[in-house]
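Chains: A, B, C and D, in written order; residue numbering restarts at 1 for each.
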């Protein structure tokens, strides 16, 4: 992990802090606070602050439902009830702040989640480090054929080498030119080009970094979309580490999240009618033709069935 | 302060908590954490959680400006720089959570601040307490004559008594009817009307409560609008207590907020031209007639001057 | 419908407008533009402006997916694809503006949808009309017993009369007192109390009005939550009228909304496992005990089955 | 302007549309609807839809202030009143939708405005065009010395040529490698790398495009920040064209925007005290030392004065 000594020193120093607080704390999260959690080749996430825990969700829900929630036997049941019925506001009551280093093309996907606070390293003010993302060979894949996005088969090692070679070459040269333009050494034979301008021909795999703060509700939305197999591999790598953080931070919410969000399935009105027929044992369900071929496949896969040959054509 | 023994017990219990944390803490805020800060006759605010401090603002700004901020001599100068140039995102990095009891008509103004998280006591699930806001005599005022909103002169004590008397009478009767409709005593001679329905004829001065969480940037916006003399007295009472909390929590930001927001003045393009002329000692500034009478008055008041008679008419 | 002559005149006048535009228009929506659509006893919604249509959703999606969408056979298929995969941003590209008159207690639920623009009639500046919501007898119901919110059985007509009688009485008296305090007739024997203060003992069933503008994505979210049987009857009445407007405005999106949102079902991870077992014909599914009794009931109801007696206890 | 024939055809075709609508229309904006307004070397903005006009702002304000606004003589005065007192919600009632082609580094600054709807061309689904931004010679400038961001002096023509040459070279090579990786020609000797991966070494000056929709309030915020001299030249070029669009669309709001926002000045509490002293002719104002040197300079510049030598040092 290419973190300079300075940076590691700061992490170590921050981790020695011990304060007394009346606020609730989460031991499992305190354990990893400030630590660098590596992602991709040079990226990381670090939890730098948090507010609230599972109990904060419960506390907010209980003020809403007031005495009405006295009948809910325990906090776990209440959190599952909230999650299941999309009562989302109590989950806004807990907050997480991360320090993230990530390639710019990942940052561009990430920033589309608008309900978060972000402070990014500015290449107008400062000079970008010589740090770039290159995929490992196994992650270099062909464009999928049956799908409009995403990756298909892995390429051969030789092809992977050639591709990474090209990327490295372009990237290195761009960065050398960037330094040349900045002229930090103040060579009098050429100007020191404005930073905001010199950086425009740097590639999208250049690493940037930011502080990112969001509440638990929006964090779950982020994770659900970005840890999904349809998300680009590189942002998924971040989302998966954030899931692990979430598991430490709010274990009860996390469990409910898996049950009612990440691993749940949404059935369309037509799909419900089809499954209803099938459960009644009525043979080939009549509604199947109303679904597209892909929807049919997915529906059957959901329940571990294979699509009958008669329904497997458009 | 009409807080039941139960409630005070919970506050006391929460305040005995002492946890160890690696997070930064703010002693002055820990001091008052969970405590009931009375507002109006039966309202309160309580700080129930917080995240970050002045240093969190600085930390986020430094990641943005990177090495560029090395030249900023100290944190106070950086915070003032951010405030002055409306670089608002670093202020989103600190977060405050309040528990608030407030009259419904105040809640209706408060909720217009959309960038916050709220969980309100639900009168669909639970029964509202017999708690209502009544203004003190000194706060019962006439409709202003020169302004389209707000209060003017105080009424006489006798009038105030009459008005409060009417309010109490209506409120009491409505609440009695509410209880009668709820029929919690399960009198078999009448139904137990649905709570969501029984509450609809309760008055707007009924107290409700909520958890309200927002970041420092939005908190400042709230305070600026709601502690303003044009805000309704009752919400201003809350905003002023929140300002005191803010002063304990983020004293450096608070000082900059006073300087560049709360006590600053915005001069229109025309006003700038007028003051420019006046500073040059050109006698009666030519642009004055471009301002409305009210704008003229306000401009002169801003600088402790009285409007020349020649400019005091429409 | 208690709309003054003035108001109806304005509607009629606005409806005579005919402008030429290069923007796309929706005939079925133009047909009802500005018209008063009654809701409850004195409420209404009126479409006062709109932007975009089904084609605007498609247009935005095609810029995202670029040439990738050339394979999507038609617009309807694309809209269904977007809805099904929660690609929600293209639905933000169409916008609707309503003028709504609604009781204050409904406004309080409505306003919780934060991603909308609102301008409400201000009782600080203006005097509220003598207009109140009273439920019809059939809508006066008892508090449900098995549920923590909402209404159960209807009450008898005699009870309904008594309840409405109480509400009318309280409401009328409060309004008389409101007028007395305002003293618009300038009776010199008493003050004219500030409007912002005089209104605080008015009841929650007083009608207010606002302009409300939101995009199609947020409109669908509103409708899904507020046209739901768990929503309070009174806000549901509004949501149902908005659904009819949506059907005229964006018929293709509306159809997809019914299929993949309003009439869809979300199955939890455990529920998926249970249905999988049942489809394999394995008899009583082993996972059933992991669900709460209510979840079990709902799952079986979803597929038109009755819960086996062996699973019908906690 | 490098727009393919297809694109221009579509613009021309869209511009032939003529529909009848009951909605208000803005002739000056209809005039330019769909037209390509060039920005930078290959960028553009196009207005593709709009909702509302100056009258929509007035209409929303009048519902808020109700009869209270009858005393406001005319719409222009009301709009100026709203702008001056930061009553911002009525400005949310008008909406603009743009189609924009812009370099990725500009898109990264633009997207930080979170309260807007965006659909961007996706390089996961589609292939990016061979279009890159290169600054003109006059816009290639040195890093400022006295400021932490932005550009200072222009470089010589020879230096400019060298810099643009480097940028072109890097950009061209990266794009050639991108095409090679994509292997759209399906050369069997190498794989067709996934689009989402092949694009990661493209430079930040590659053009992207999006649909961007926001309301008038947020549009003004965007313009104020991005047409500011401190904004990077390239995004400023877009903001300035958007200002021209705004002037056509909502001329009264635009005029008020210039007066109370764009050309207004915010004076800090200390600055107000200083100007107050100066207007009283008290000689050197005592508060000057409380301001930083930069603040002092800016304050004097605001009013066309030069800083007295005695105050011109730190």
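Assorted remarks:
The definition used in the following text is that contacts are C-beta pairs under 8 Å (C-beta built on N, C-alpha and C of every residue); 3 or more make two chains touch, one makes a residue touch a chain.
All values derive from a computational prediction rather than experimental measurement.
When the CA atoms of subunit A are superposed on those of subunit B, the rotation angle is 180 degrees to the nearest 5.
When the contact pairs of A-D are matched by residue number against B-C, A-B or C-D, more than half turn up again in B-C. Distance between subunit C and subunit D, defined via averaged C-alpha coordinates, is recorded as 36 Å. Rounded to whole angstrom, the centroid-to-centroid distance between subunit A and subunit C, based on C-alpha atoms, equals 33 Å. Contact with two or more other chains is made by residues 65, 68-69, 89, 112, 118, 122, 125, 148-149 of subunit D.
Of all the residues in subunit A, the ones that touch subunit B in their complex are 14-15, 17-25, 30, 33-34, 48-52, 56, 59-61, 63-69, 89-90, 92-93, 95, 97, 99, 117-122, 125-127, 209-211, 213, 215. Of all residues in subunit D, those touching subunit A in their complex are 103-105, 107-108, 111-112, 114-115, 118, 122, 124-125, 133, 135, 139-144, 148-152, 155-156, 159, 162-163, 166-167, 170-171, 173-174, 177, 180-182, 190-197, 199-205, 232. Across the complex, subunit A is touched by residues 65, 68-69, 71, 77, 84-86, 89, 112, 148-149, 225, 230, 258-260, 263-272, 275-276, 278-280, 292, 295, 302-305 of subunit C.
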